[in-house]
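By letter and in written order, the chains are A, B, C and D; residue numbering begins at 1 in each of them.
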Amino acid sequence: MTSSETDSPGETPGDVSSRADVGLLSPVRAGGAAETATSDAAFLRAMLDAEVALVRALAVVGLAPSSAVGDVASAADRIRFDISDLALRARSTGNPVPAVVADLIAQTAQASADHIHQGATSQDIMDTAMMLVAARTLDLVIADLDHVVAGLAAIARAHRDTPMVGRTLTQHAVPITFGLKAAGWRSVALDARDRIAVVCRSLPAQLGGAAGTLAAVRAYAPTAPTDLGARLVTVYSETLGLSTPTLPWHTLRTPIADLGAALAFTAGALGKIAADVLVLSRTEIGEVNEGVGGGSSAMPHKANPVLSTMIVATSRQLPALAAILVAALVAEDERASGPWHAEWQTLREALRLTGGAAHAAAGLVDGLVVHPDRMRSNLDLTHGLILSGHAYVDLATRMPAKAARTIVDDASKLAVSSQISLGEAMRSVEGAPSGSTVTDPAGYLGFAAELTDIALERQAAQ
Amino acid sequence: MTSSETDSPGETPGDVSSRADVGLLSPVRAGGAAETATSDAAFLRAMLDAEVALVRALAVVGLAPSSAVGDVASAADRIRFDISDLALRARSTGNPVPAVVADLIAQTAQASADHIHQGATSQDIMDTAMMLVAARTLDLVIADLDHVVAGLAAIARAHRDTPMVGRTLTQHAVPITFGLKAAGWRSVALDARDRIAVVCRSLPAQLGGAAGTLAAVRAYAPTAPTDLGARLVTVYSETLGLSTPTLPWHTLRTPIADLGAALAFTAGALGKIAADVLVLSRTEIGEVNEGVGGGSSAMPHKANPVLSTMIVATSRQLPALAAILVAALVAEDERASGPWHAEWQTLREALRLTGGAAHAAAGLVDGLVVHPDRMRSNLDLTHGLILSGHAYVDLATRMPAKAARTIVDDASKLAVSSQISLGEAMRSVEGAPSGSTVTDPAGYLGFAAELTDIALERQAAQ
Amino acid sequence: MTSSETDSPGETPGDVSSRADVGLLSPVRAGGAAETATSDAAFLRAMLDAEVALVRALAVVGLAPSSAVGDVASAADRIRFDISDLALRARSTGNPVPAVVADLIAQTAQASADHIHQGATSQDIMDTAMMLVAARTLDLVIADLDHVVAGLAAIARAHRDTPMVGRTLTQHAVPITFGLKAAGWRSVALDARDRIAVVCRSLPAQLGGAAGTLAAVRAYAPTAPTDLGARLVTVYSETLGLSTPTLPWHTLRTPIADLGAALAFTAGALGKIAADVLVLSRTEIGEVNEGVGGGSSAMPHKANPVLSTMIVATSRQLPALAAILVAALVAEDERASGPWHAEWQTLREALRLTGGAAHAAAGLVDGLVVHPDRMRSNLDLTHGLILSGHAYVDLATRMPAKAARTIVDDASKLAVSSQISLGEAMRSVEGAPSGSTVTDPAGYLGFAAELTDIALERQAAQ
Amino acid sequence: MTSSETDSPGETPGDVSSRADVGLLSPVRAGGAAETATSDAAFLRAMLDAEVALVRALAVVGLAPSSAVGDVASAADRIRFDISDLALRARSTGNPVPAVVADLIAQTAQASADHIHQGATSQDIMDTAMMLVAARTLDLVIADLDHVVAGLAAIARAHRDTPMVGRTLTQHAVPITFGLKAAGWRSVALDARDRIAVVCRSLPAQLGGAAGTLAAVRAYAPTAPTDLGARLVTVYSETLGLSTPTLPWHTLRTPIADLGAALAFTAGALGKIAADVLVLSRTEIGEVNEGVGGGSSAMPHKANPVLSTMIVATSRQLPALAAILVAALVAEDERASGPWHAEWQTLREALRLTGGAAHAAAGLVDGLVVHPDRMRSNLDLTHGLILSGHAYVDLATRMPAKAARTIVDDASKLAVSSQISLGEAMRSVEGAPSGSTVTDPAGYLGFAAELTDIALERQAAQ
């Protein structure tokens, strides 16, 4: 039923808005491009694209008149579908395609309408629509990841030699550079970018008919060459810009599992960056902060790391959503009762959350403020203990390892218990040679700069 | 910004609908009461309820004038909030409360507006709103579960003595009754009902101020008795019909974890029923079917088990959503950066999916068509092998167990290999006594009827 | 096959140890009581307990001679089972019970052996064994949680009035007390304790026979009163110290789902405590530390928060394990093909991880070192901005709220930009009244002490 | 401490076996090669391999004498480590590496011992060991998947033209071939094979020192060329047969997330096959059965689909385990407190379960018995309704689609209500043309054979 005719009992525009979700509970995606790309309207548009592509493919292989293509395409563009009504009608069939098809047929001239959805099953259209929506959203994700990667490269270069504390198990360990940390962030962002790109390139169209044999297509052309089916699928897929599947994949859910894995990876990679920013933003640490902080309703002075928070929130949801999606592989028969249906909202949520997080990450990287002075002063908080490893190697090159270990351990304990610097303590410990010059954190950075350089050479795989 | 003033650049009503989710991908909840109860509008209403209750509680304990209550309440009712705009503004603060508060203050007379949100933090309002929405949705769930439980009791009673095949590991095992199966379904539905009811009764309001000490409230009344804080929280909670918390629970997320567990349990319990219906509905089995089947776009004759399918789809999503929610317990500090934010959409999805599934289950039970004739004829498919256990016991009471086991094993193998009935085979096997009367499935039902009776005595815990 | 007879080709003691898991990858449980309580040996013992209890119950209701009880019990105690061999033999049947039963029968006098496993199915024994193992492990968990709760109560009391920074979204917010924080930790530990106790009390025995009708039991006593089945189940359950089920629950998996939820809750509650300890242990914060830190192989001076780390690691695994367990509710037919089998190792892992984490938490609480001096000095890090909320209320009681907000906002910004204290900044801002006394964090603790007192009154529910 | 010296109080060999897990609860992996490859002993061996490779790499770059390599390697081979004791000692440091290193040093000549673990951190060894264990286990998985793929190809070829029922949403839909179904199974098995192979090739060694800068290595050779670090890592990685990482990945957990995704995919792909076998094995359907069925302790005649059951059980666990592993990406700082530790047992479980399932799948395919006669007879169960789609197309090529639809719908309803065949019903419905030949399921197979042929052309990606 189209919106101009809408008059379903108990349903008014007010009712519609009383059901809608426009992102009030999901600020990470509210108003963003990924949200629009995964909206109900976007899914409807993708279903219509699939139906039009099918008519076009039927025409190419000779199973529909050319005139039908234009008729159906223009109907698909012209009709103002009532999405809310489609959603309600989807309840009786278990999926929205029959209602979409019915409305499309009703508004198309009969001769052309007869070719709408010809030979297809609901899942052909629904799956193809999911792939189209995924492809369109992943393009946005890739663009944002590219932005993140480029921004982090610039940060890593700028701070190639900026020393800071390396922290392990929450404790000061040894010095690192902020450049190395940023290069690491870039590295996982690039990993995410590569994984998304691989999946995006392989998203297949779906066309198999009732049980994946294209039986109805065959029945319409019983004497056609045996490659008719493959040709139809190829034209259909290419028309849509999707890859051509080897087999109908109604219950061979590789693309769904792959999408889940790539999206969860991306959310996790961005979550790593955000988690680090949260630590470094802590009031006591203060080594970085988000450029524009979120205000607090109770504390006027606070600048909260809002972008990082939203990204971390996303990274806590995606593993579970991906678990639902990979579990969809266990889909019995030629169409599954439940596993398939569990994919739709889950995939949409995974796409729009990750899309939102990628965009937030781009903003985070753009605005990140770095404080080398705080990094430097934090290096001194342990009064030299952060260099105990250096002091040990310094001794170990001059005496047996065991003796060196004992001296440094004793000095470290003394430094802690007497609240003196490691340097002072070393001078008090028996057996320690005089004249150690191990006092400069910048002198114990190992290969941080070289590792940063090497890591920055890596480019996106494609 | 309220909707009457809306003029944000780049945002038009068309844009809004291009972002909205009205259930097109989630037929299990589309158009249902649980969807409305968990919509953005419902969350906004709950936030406003919380703000109004806070002013009321402040007035009761003497921290606000009585007149403020009416002023704020009427503003909350009167304002036409632009939810889409609130969602967009939530991005800068990371949650929608500041925008809601700003709009509410802007439309309330100054003297009263000064008391809006007084002493509160955003999380107080957000958490309270989640609890209100949960309480309102769980009431719907409980009503539907009560309906399911009652319907299954009637079915179990009607089929107390209807024999059917018991199936284990996909194979025919021994006879059972459909009454026993339905009583089992009722039992897990009742378990779900009890768990939901326990959680529903304990949902707490949230009020702690910036870091859970009610410091601002105290600052407004530094000389008040020391029980002022507790009194304020009690009045606030009771006004809202929620339970009074012992402590602010900003990072003590027991209610969230409990909700997740109860909802996942409910989806799973309903999923068990639906999974059984799916098996019994199989064309080859045909022992039950949904009253109203879903049509197929490709196969006109098919009547698909749509309700069961939607319920199973739900049961595949909830465990993962509950995993996100229980993980929210690990919330650091006095407000967590990410775990909290990951709760909102997840909890909403868990509520509306489970609410939809409960309603679908009510419909499933109402319409379920049972075919005792098919149940009876399926009992004969193994030509008596389903009674091999009975034959064994029959022999074992007359000879050593080991000998009995050998005879029945031999006869069973013979029956399978020669495609004869177990009865015939028993007559051909050496050592088998003549005259066994073990041929009637209805004679090997054990205590199925008594177990059914006992199970039906159980009532909802409260 | 018993170990004294073991001679399976290709299997030697060396082979066994080459397969074993003794906790090398799971330090949180290695060597602990929960690990022993959930070992293969413990599950075997529980299976034998179930078999013996069944013979005892059969004897009580008159279906087995009294002498069988002692015979079977002594065989169960006497036999040295080869667990590795049982594990291998479990592959052909899909579960270990048939192999256990065969070995038990082989070593028991014939007359008594005939009554072993009489009327039961493998799942009866397996499920009962899971419940016994769960009950025994949960007793350990409860004891450790009681220890945690008591220890935290002492800490909360000792630090009832110790001021520290309250942190929200990683930033300093307003002062709190460490007593309030410890009381919050105790509160979630108590929540966990109550949830575990409820589940532990309700763990049911399992006894239903092949498809849950106790058909074989009935067949052995066709003329017995109709309450024979219920009596048998009751005696069996009571013998084992488990609760008596209303129905066989072969595919009504409430106890499994409940266990998963309670264990995940517990891991999450302990994870909250550990996550806070990790934050407060950070080198830059230093407000608490674990009594005995873990050494580092690379940095001799480091004292790592090992217990907290192991607890947090547990809290990251349990939500997923609980998701598997609650998904087990969707178990088709009278015995499910897969869902049931997925429970065993998952439940064991959930029990031993949570048991290990509870024990680690007891050690964490016992050894926790608190540094009130660091708490005090951290309060000054923002030079008074942590009291901006107090300053605002102080003004707001003397002027319109909006004006007060403006003054404090301006002063806060000035303090940040000029790196002066809030107090100084307030004196420079136009319109600020002179003479504010808002400079003492201890003066802005709200109802922290009262909330702590109230929270400490709460006791375990049972 | 080595086993020959073991005398830890309270620990006896009996105690050890009381803690061990040898697979009693996990028949899918008990006794299999993947279990051995992931045992505690295998992880220990891999840790030792990493330590030896490190000494070798140090020698190659000139940081250790050549003689140290042989000394350390022979000590690693010679020592009989007490794994249980190592597990217990791992508790104090949070990971087992320090204990392993201590034992290794204690049994190596001093001069060589000084170079053990030189420049490394525990995580270097632990992560490298995980990758080695993964690589060794994935080799087994790939071999089993190759076996599955080959077996399914043979089945698909043999049954290229065997008609059977296509089932959608549990109902008979249209005919398919068993060849097409088997080709689909092969397709997802191949997808799994390709994903495992990609991950297996990219598993990196780990070597970064305390915080990922190789600072200690640098300190031992302060004047060496700046590519010393990269050379050391390359030699170390190549020695181990692992790939060389661009950066230390202590908190850049791409390999862990990738392993989780590939393993969950594999379990899901195999779960799809097994789920289909379970359906087709149902007593009422009987179209396939496992070659060797599992016996039942209560029903002597039953042949349970044990392999499929174990595979499905695996497929229900892996999504959750993979969720834990991908969540490990969110690892803060230079070493994370919890996320890292949560990986170990989870990854091991994921590897050994999937390894067991792949091996079970190989057995399932080898033994699968196919019943074309049952497939044929099931095609007739709906008395021709399975061909209603064919009847519709047959009419639609001769009359308007709408009219054709009406006739077939009416006839289908009549066939169901009157329990007559569709053919008969068509003859009774008004407007239906006479002479339809649509009665042969084998005539409505669409492009099933061609699709099968195309799918079988695909080979493993390499």
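Simple rule for what comes next: contacts are C-beta pairs under 8 Å (C-beta built on N, C-alpha and C of every residue); 3 or more make two chains touch, one makes a residue touch a chain.
Computed from a predicted model, the values in this text were never measured in an experiment.
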{"item": "Contact-graph separation of chain B and chain C, given in steps at minimum", "value": "1"}
{"item": "Reference chain D; chain at largest CA-centroid distance", "value": "B"}
{"item": "Equivalent interface to C-D, taken from B-D, A-B or B-C so that over half of the residue contact pairs match", "value": "A-B"}
{"item": "A-C against A-D, pair bridged by the larger set of C-beta contacts", "value": "A-D"}
{"item": "Cα-centroid distance, chain A relative to chain C, in whole angstrom", "value": "32"}
{"item": "Separation of chain A from chain B, taking each centre as the mean of its C-alpha atoms, in whole Å", "value": "29"}
{"item": "Between chain D and chain A, distance of the C-alpha-averaged centres to the nearest whole Å", "value": "24"}
{"item": "For chain A, residues contacting two or more additional chains", "value": "94, 121, 167-170, 173-174, 209-210, 216, 278-279, 294, 296, 298-299, 304-306, 309, 312, 315-316, 320, 323-324, 327-328, 337, 389"}
{"item": "Touching residues (chain side chain C, partner chain D) in the complex", "value": "11, 15-28, 30-31, 35-36, 39-44, 83-84, 86-88, 90-98, 101, 117, 120-122, 209-210, 216, 274, 278, 292, 294-299, 304-306, 308-317, 320-321, 323-324, 327-328, 337-342, 344-346, 348-349"}
{"item": "Residue numbers on chain A that touch chain C, as the complex places them", "value": "165, 167-174, 278-279, 281-285, 294, 296, 298-306, 309, 320, 323, 378, 381-382, 385, 388-389, 392, 405, 408-409, 412-413, 415-416, 422"}
{"item": "Interfacial residue positions of chain B with respect to chain C in the complex", "value": "94, 110, 113-114, 121, 166-170, 173-177, 180, 183-184, 187-188, 191, 209-220, 226-230, 246-248, 250-254, 257-258, 261, 264-265, 268-269, 271-272, 275-276, 278-279, 312, 315-316, 318-320, 322-324, 326-337, 389-390, 392-394, 396-397, 400-402, 444-448, 450-451, 454-455, 458"}
